[in-house]
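Can you keep this structure in mind? I'll have questions shortly.
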Amino acid sequence: MAKAPALTAGFELPLEPRLPRIGSVDQVAVEERAASLARRSIKRDAKVFALELAVRCMDLTTLEGADTPGKVAALATKGIRPDPSDPDVPSVAAICVYPNLVPTAVDRTRGTSVKVASVATAFPSGQSPTEIKVQETRAAVEFGADEIDMVIDRGAFLSGRYAKVYDEIVRVKDVCGDTHLKVILETGELGTYDNVRRASLLAVAGGADFIKTSTGKVSPAATLPVTLVMLEAIRDVYEETGRMVGMKAAGGIRSAKQAWQQFVLVNETLGPDWLTPELFRLGASSLLNDVLMQLRKEKTGRYQSLDYFTID
Amino acid sequence: MAELDRKSDRAPVPAGWDYAPAPEARDVVSIQERYPLFIGGEWVEPRSGEWFATVDPASEEPLADVAFAGPEDVDVAVQAARTALADGWSDRSPAERAKYLFRIARILQERSREFAVLESLDGGKPIKESRDVDLPLAAAHFFYYAGWADKLEYAFPNRSPRPVGVAGQIIPWNFPLLMLAWKVAPALAAGNTVVLKPAETTPLSALLFCDVLRQAEVPPGVVNIVTGDGRTGAELVTHSGVDKIAFTGSTEVGKAIQRQLAGTGKRLTLELGGKAANIVFDDAALDQAVEGIINGIYFNQGHVCCAGSRLFVQESVYEDVLRKLKRRMGTLRVGDPLDKNTDVGAINSRQQLDKITELVRAGEEEGADVYQPPCRLPEKGYWFVPTVFTNVAQSYRIAQEEIFGPVLSMLTFRTPDEAIEKANNTPYGLSAGVWTEKGSRILWMAQRLRAGVIWANTYNRFDPASPFGGYKESGFGREGGRHGLEPYLDFE
Amino acid sequence: MSRLPVKKTYKLYVGGAFPRSESGRSYEAEGHNVARASRKDLRDAVKAARGAFGKWSTMTAYNRGQVLYRIAEMLEARVADLARVTGGAEEVDRTVDRWVWYAGWADKLPQVLGGANPVAAPYFNFTVPEPTGVVGILAPEQPALAGLVSRLAPAIVSGNTAVVIASEARPLAAIELSEALATADVPGGVVNVLTGYKRELAPWLAGHMDVNALDLSGADGEAAELEQLAAENVKRVVRGSVDGQSPWEIERFLEMKTVWHPIGV
């Protein structure tokens, strides 16, 4: 699994001297730019490429209190072979589950290219003591997770305790070791695009391999303007330090069209080299079937019905 | 530069993700082989006996033959407008006039795709712009002014407004239908009748508009369309039966018109050229400012009188802005105007392309550095790659003269005072842009910039409710808003 | 043999739908059984109006103008129906034109009623008119349609939402109007129309703490009592023309907001 290299000097805290460079974001302009990119017309083989990419970049997710080994086993099977009737459809990038379900997920994906991502750090609220969050992360890693999706402490962020937010990320990253870390900003709670940009840069400074929009439990989640703001922050880091941090859009992405609109943003903000599961992921559950339906429509010329696709 | 360990994917990432061609269907509009003049509610053969062709600038293919209105034709059109004025339009109740304009607005909305495709074919602008900007604004313009037709006493309290009479209107080729809307809507709302001359290279949307007039059942002679060239315009300007002239076009021609009308008592408004300063401060939201710079000069291929063609960047952020700008220019898609993904379309005519080329060459000769992103242009048609000049001195031709193309000149400044000085240091005064997150500075700059339209943290925004027009040699008179009615009214 | 027509059931118009009164009551008017709204229906109507205010008031003025114009489009198609329950075709024509007239005001109000103020200090100062909120309207008894529209259109064109108590003796025009509203892209809750006994409903409307303005153009003797009730939350009490049109009718339902910002480098 790809791993971001060590931080270069100048990106650590304290952030105060760096604040003038963090910059602000104009809401109207960023929403207009995102809307304009969303109107790109993607057809035929460009569309098929995007649909297959959507599968390859997907973190197929179940994060419910009611999850059981049976549910996760079924999800893993779906993720490994999304469309049994079409062997050309690739596997998803990863299965994303709660820590207790990691052993089942690891077991069912063994020998395949599908990774196991685990949420941790008192997901989704993040409102627990740091020690607990670190321990939970360690447990998920020991269960065999390839990737950890942590949440930032929004309470600390919104009350200005940025150092606390930063420290937690550093400590979680530390126990991750080689395990790849995604940091969830929960953009729907941050209130402004300025805050999304600040949180993005803070997470990157703390050592994130990926920054992620949302837990999927709060709306709005991965809107196009939010993705754009995060991609621009990633671009700034890349230009200043050469470090490539990935981005995961999660929450509210239910249709194939929304998925490829996200890809257009990546393509035109960072470039086609970033259109790979190493650097971009979509966190979703019902999205997969919509993508499969669209793929089959491209291949057969007919609009599809859900009756012909398994739920899992 | 850090390296990444890459896992091998099943399918390799392509060198670029080429969005497949996404052409808008051309058959939504049907173009006639030939278009006579539209006078007195009828299609009328030109007494001049002359015709000219209009071409698609993206392919150089001829689209249709269009009648040429000579002096006799212009005379017939003006007579028709005078007759309609006396006999049916002026004495229709204002509420009824309003309803005709509301009908026109609604019909334009219903037929918007048809008009958008025609506009892109005839003029070269991307379908994305004609569909999302030109058409909605044109319909909105008619809707806005429809509402004023029976409310003039509230717009001008205690002044007893009356129509001026017959308005002669001459419009440019950069926003053909939208400019028609900007002229016709307030004129009709104020109770006037109109003789309108579309630009020589873009007559088709005005001619299709005549079908909207028919569907809306607008009385004959209220709007007359006389196609032709500069000679037709000159006839209209000097015709004694015309009470008021509205001209949008180059400053050079505007001055000629003003000279011709001197001493005649004929009312005049002019909307002329510009060389707008787009000013970026170090505390601007930079990525959005770059979007604004791009929009300011590459929207509509830079064929915009209010284009932000002089970029002033505060020296402390010059490198950042230039780097972001160059990268962003590289994502601009230049090509077939009818492709939905095209960002920059064709240059309107061979003539305009030659002018742009000449000025760009002058820029290089005078010593500025030129940057153009790699771009593959089609073989046929008129095209120019989006261009930015750096190391530009205020005195260079590219910083003084209006290029009217996708060419940006970039200069620096250190303090707000210096920015104001340089921005105002031009005979033009149409528009300006200011990019800063500091509210008080926006207002301070707006107070001092000598320009009729000031965009703060945005650019090229238009609305029928918002007055538009210039200071100094960019013209006089305003279009849009309550102020846009004034040129079309007489007061006690 | 002549065909037996299907008789229309006249219900309330609340939240974009046509419910019966929760009380199950009706009364006879103009030869039909008409729903007799209760205070609970009124309570629900105010709730719907408040719920709709956020979206209606923040729509662009252009959008609102188009919605009002579409009301005229839908009414034009129903001129024959409406003529039967009003003073005749002339009143209906006048009403359609009145909607068109008010539609044209939506995107012009700040230009006539607001503006920049030249204060004697380095500040940019401007006044913008804003809708007040939920407007309660006692519709005039006469003319049944034109009177209602003369009060309703100026209230909603600027972004207010409305709860209307229709003419008690002639309620059918109000419901026919509501049917046109329902097909004219008017968001549910922007206009709510209650039919019933005015003396029963008016005090509840006048005293409701979540109603911002009260139009008493259609009030008879009980006006003083209603004004007393309105004072409890300082409602703007309005009386206007029962069959006229003017931007000053719109102004009565507006709040003027003035903003200051320094001008400095």
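Each chain carries a letter (A, B and C) given by its place in the written order, and its residues are counted from 1.
Following the convention adopted for this analysis, a contact is a pair of C-beta atoms (placed from the backbone, for glycine too) under 8 Å apart; a residue touches a chain by one contact, two chains touch by 3 or more.
Everything quoted here is computed from the prediction, not taken from an experiment.
Placing every chain at the mean of its C-alpha atoms, the farthest one from chain C is found to be A. The interface carrying the most C-beta pairs in contact is the one between chains A-B. Here the CA centre of chain B is 40 Å from the CA centre of chain C.
For the pair chain A and chain C, the distance between C-alpha centroids works out to 48 Å. For the pair chain A and chain B, the distance between mean C-alpha positions equals 43 Å. Among the residues of chain A, none is in touch with two or more other chains. Of all residues in chain A, those touching chain B in their complex are 1-5, 23-26, 28-30, 32-33, 39-47, 49-50, 52, 56, 90, 113, 232, 239, 241-244, 263, 267-268, 272-273, 275-278. Residues 95, 98-99, 102, 106, 140, 143-144, 146-151, 154-155, 416-417, 439-441, 443-444, 447, 464-465, 481-482 of chain B touch chain C in their complex.
Residue ranges of chain C in contact with chain B, taken from their complex: 61-62, 65-66, 69, 97, 100-101, 103-108, 111-112, 124, 247, 261-265. Chain B meets chain A in the complex at residues 1-2, 4-7, 9-11, 13-22, 128, 132, 283, 285-288, 291-292, 323, 331, 340-341, 437, 457-458.
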